[in-house]
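Got some structures for you, see below.
Same chain, two partners: subunit A is paired with subunit B first, then with subunit C.
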Partner chain A sequence: MTRHTRILMSVIYWAFVIYLFVPLALMVTMGFKDSKFIGFPIRAWTVDWYAAVLQDTQVMSVFGYSMAIAIATTLLSLIIGTWMAAFLGPNKFRGKAILFALACLPAVIPGIISAIALRIFARLIELEPGMLAVILGHTVHNVPFVALVVMARLSTQPKSHIEAARDLGADSIVAFFRVTLPYLKPALVGAGIFCMLLSFDDFVRAFFLGGYQPTLPVLIFAKLRSGMSPEINAISTIVLIMTAILGLWAERSMRRLNKGSPQ
Partner chain B sequence: MTFWGALLQNGTYQAVSGALFKTQRRQFVILASLPLFWIVFANLGPIVEMFWIGFLDSYPPKVGYEPQFTLANWAAFFQDRVFIVPFFRTLAFSVIFTAITLLITYPVAYFLAKHVKRKNQLLFLLLLLIPFWVGEIVRTYAIMILLGNNGAVNLVLKSLGLIDRPIPFMYTGFSLGVGIIYLTALYMLLPLYSALEKIPNNYLEAAADLGAGAWTRFRRVTLPLSREGIASGCTLVFLISTGYYATPVLLGGPRSTVFAETIAGFFHVAGDQWPMGAAFSSIMLITTLAVTGLFLKLMGRGGKGMMR
Partner chain C sequence: MNGDKDTIVHIDNVTKRFGDIVAVDRLDMKIMAGEFVTFLGPSGCGKSTTLRMLGGFETPDEGRIVLDGVDVTRQPPNRRNVNMVFQDYALFPHMTVGQNVAFGLELKGKSRPEIERRTDELLDFLQLSGFRDRTPDQLSGGQRQRVALARALAPDPKLLLLDEPLGALDAKLRGQVQIELKDIQKRTGKTFFFVTHDQEEALTMSDRIVVMNSGKVEQSGTPEDLYFRPASRFVAEFIGETNLIEGKVRGRDKGAIVIDWNGVDVRGAAHDHQPSEGDHVTASLRLENVICHPKKPASRTAIEGRVVSRLFKGSRTSLDIRIGEQEDAVIRAYMDAGNATQIADDLLWISWEAERLAVLRD
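Coming up: the complex of A and B.
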């Protein structure tokens, strides 16, 4: 590879980084503008919008509501996803490839169709639009991600772990909880945080499955439809910071997982 | 004695556990129970129900009326330009956005996989991942601020003296494209990166020793060996970009209405529109899955011939 292409490549990389960061940086900056009018130039600065958001009881209650949905979704997704991985990962049986594809289906179906199908399905099982329906929708979407991460981790677990546990008198259940589960822990922490992010950030499912109480993305969407305001920037910035922290935490936990695996 | 030790000694537990796990077969059935239930109930149930509702003339059920079987909802799609135009626009947009995303992210992925030192790769990758974790709505809003009439791009162009009046980027196919590519770029980049990273450097060195120039090395070694990454990246971006609803509503305009908005319309207006929405969603699902299936087949079999 010549020097020129090398330099060109690094220019393209940094241009891409700038493309990813500039819109978000602008959005954060605009949250400090001392005017209701969104747009450049910015002549005066303030932190009033943040103070207003933190005192806004509606925003805070919506935040709590979204958080509760994210936590419930994460717990359910972890249980079902891990079980799915324990079934589809180590066992060999006929029709496994088809089952695996069906298990991954909700992760690849276009968002709007998944949301509509779930909305119709919720009517069938007489689940009113609202918190439970949103939790169901998010869990359906998240389970494949958990299953894939856990399956990858399971495949690196030495068989001798389980055999040793069995020799020492543990049955299947105890061996799972005492040996396999601790081995899976980093994968579960990483997958769990990504579930929280996916649920907390999701718009389309929350929009179609939610009742009168909006989740945070639905609230931001509703506010945006009635006009841009620096208040939205302040809310978005708070979400942005939270997301980044959670994401980095998940990444760290997954990274440790790769290091510790005996391969 | 620990909790687990006590549990194993407990007579009731022993009886239950012994009965549950007496044979390999029984253990397998228990392991299969929840996953099978979940796949049938949660993954297939909604799709099957959606298809079924598409064949009814009335839904949700009304008191004293028995819904009749009909094909009218499916036929309606082919009879009105109001439906067909957004449908094909969505497919065309998604194909174009996917192709542009591939062209933008390929060099970035190549740079990451082949030019960045291994111990720095994680750091360079994290830099791209952080914006990617932020949700759809927040990132869409960021693009609105970038492209608006008083947005950053227009401000820069104006201060450079290139324009007098702001260019109306917003509410067009262009702003929608910028938004969708912004949202989906990493779904392309990550598979590309992991495919490129697996290509051993000595393949390229061997090709160079045999007299292959940079372009030939790229065309005959790198590109064919990264085919899997290209296939899964394109599939992901295509499927995901057809499914956005909020982004086209916020960034698009009347001339860039996508099918997601058409479908959503049936579920917002009061009245008896669910069956049509269900039928239209089914048509879109079948089409997108067929397109990706065809694409993967081409990449898998014909791809070898195409690229060598």
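Coming up: the complex of A and C.
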């Protein structure tokens, strides 16, 4: 590589980094501006917007509501996804490939299509728009991700581990819970956090399936329609920091757990 | 069941097929309590399938498996009092050494103090006491193998299955572990069912070796039996190095069978069958059973030969000796390196005890 291309490469790299982070930096900065209007110049700084967010009971309750949906979705997705992977992984049967493709479809269908379909289906089965509908909608979307991650991990587990458990007196259920599940732990932690983020972040499904109570993205959208305000920047910054922490923690704990297994 | 109280396992006419392939073909065999029995054979001979049927991981298509008087043919692995040391050890990576060993005891519903006591006892017995709180990835290959053994012995099985457990160890360690394993078997008095494709391993450790080939038993006997009195060409060639002699039975002479081998009369013995005059037979003669004489001996059965090639191997020399004028009538023999230098003009005489030339059944 010549000196020129090396310089060119690093310029491109830094340009990309700036492109990635400047919008985020701007958003964070504006949250500290002591003025109702977003934009430069900034004459005075304040943390009032953050105080306002923390005191805003609507924002806080919506935040809690979104968290509850994310947690319920995650648990449900992990259970169904793991079950699906454990069932689809080792067993051979007719139509396995088709069943697998169908199960993975929700992950790639455009959100808007999936949201409309779910809305129609919810009405058909007389499921009221609201928390349960959102949870079910998010779960349908998340299950394939869990199943894929768990299946990948499952495929690296030596068959002899389960046989050894059976040999030592475990029936297939005990063997699953005591040997396979611990082996899947890193995959479950990773997939679980991914589910949380997917659910917390989702706007389209929550918008179509939600009732009167909005989720956080829906609330932010509603607030935006009445004009951009630094309060939104403050909310976004809080969410940004929390997701970053969650993501980093997931990455770290997955690496630590992976170390403890042979593969 | 029947008065046969020393039989711990009866493999009763068992057949197992995988599609069109017959993995185990009407295997009928009894294993005695306290025996170290090795199933030996090339890959695909059915030895591992037999082991897996004993463990409960495969179900026979025909026949029964009787364990200590109880028909366990259709019992799942968790219900039979049989434990296994897996080829890759299959230690649970998320558990410590102690937890691995205790696993089988917990599932048997033993009390905490008893589990602790038995785990301590086994770790002590296998010199693993210092490793109790380590995880498997912090152990060497030999230590893992011992943990796998401790874990399988913990529930006090009636039969211990070992599926090529030395395959993953390096050659130097393997020799040492062979001795250890035999010693452990003697001290515990357990019945060991060992599976391997390594003939040396089988000869070193076993009370009895069962040689399998294409799903059938070729021969079953003590290591000495198999080595010196092979019943078939397969056994003779699979275990050790041997001379195969083909010829026609001419008759008998003082109990020995006389075979016409390329015009030369050679004497042998058949051990589990009686070939008749005129039969075309193959016989096996181990290299170390051939006695070489640099001078013509008094024995009337000694045969004159000519050395066609010699290989110096340190303490002894391996000689290829041609008998008569036929190109392929060659016997390979060992000779002390010192004696070998006394051979003049490559001319020597060879003899053997008739008992040592085993006439094979095929």
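Assume the second predicted complex is superposed on the first by the 244 of 263 C-alpha atoms of A that agree within 3 Å, B and C clash if a C-alpha of one lies under 4 Å from a C-alpha of the other, contacts with A are read in each partner's own complex, and residues count from 1 in each chain.
The rule we apply is simple: a residue touches a chain if its C-beta (ideal position, glycine included) is under 8 Å from a C-beta of that chain, and two chains touch if they have at least 3 such contacts.
Just so it is clear, the model here is predicted, and its values are computed rather than measured.
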With the two complexes superposed on chain A, say which partner A:R6 touches: subunit B (first), subunit C (second), both, or neither. first
Partner chain(s) touched by A:Y183 [first = subunit B, second = subunit C, both, neither]: second
Would you check which partner chain A:A170 touches, where first means subunit B only, second means subunit C only, and both and neither mean what they say? both
Per the contact definition in the header, classify A:V143: touching subunit B only (first), subunit C only (second), both, or neither. first
Residue contacts with subunit A in the superposition, subunit B compared against subunit C: B
After lining up the shared chain so the two structures overlap, which partner does A:P158 touch, if you call subunit B first and subunit C second: first, second, both or neither? second
Is A:V47 in contact with subunit B, with subunit C, with both, or with neither (first, second, both, neither)? neither
Shared subunit A footprint, subunit B vs subunit C, residue numbers 169-171, 174, 178
Can you name the residues of subunit B that touch subunit A in the complex? 4, 7-8, 17, 21, 27-28, 31-32, 34-36, 38-39, 42-47, 49-50, 53, 60, 104-105, 107-108, 110-112, 114-115, 122, 124, 126-139, 141-146, 148-152, 155, 182, 185, 214, 235-236, 239-240, 242-246, 249-250, 260, 263-264, 267, 274, 277-278, 281, 284-285, 288
Could you list, by residue number, the parts of subunit C that touch subunit A in their complex? 55-57, 76-78, 82-84, 86-88, 90-94, 103-104, 107-108, 135-137, 151-152, 155
Subunit A - residues contacting subunit C, complex: 158, 160-161, 163-171, 174, 178-179, 182-183, 185, 260-262
Residues of subunit A touching subunit B in their complex? 1-2, 5-6, 8-10, 12-13, 16-17, 19-24, 26-27, 30, 37-41, 80, 83-84, 86-88, 91, 93, 99, 102-103, 105-106, 108-121, 123-124, 136, 139-140, 143, 169-174, 177-178, 197, 200-204, 207-208, 217, 220-221, 224-225, 228, 232-233, 236, 239-240, 243-244, 246-248, 251, 255
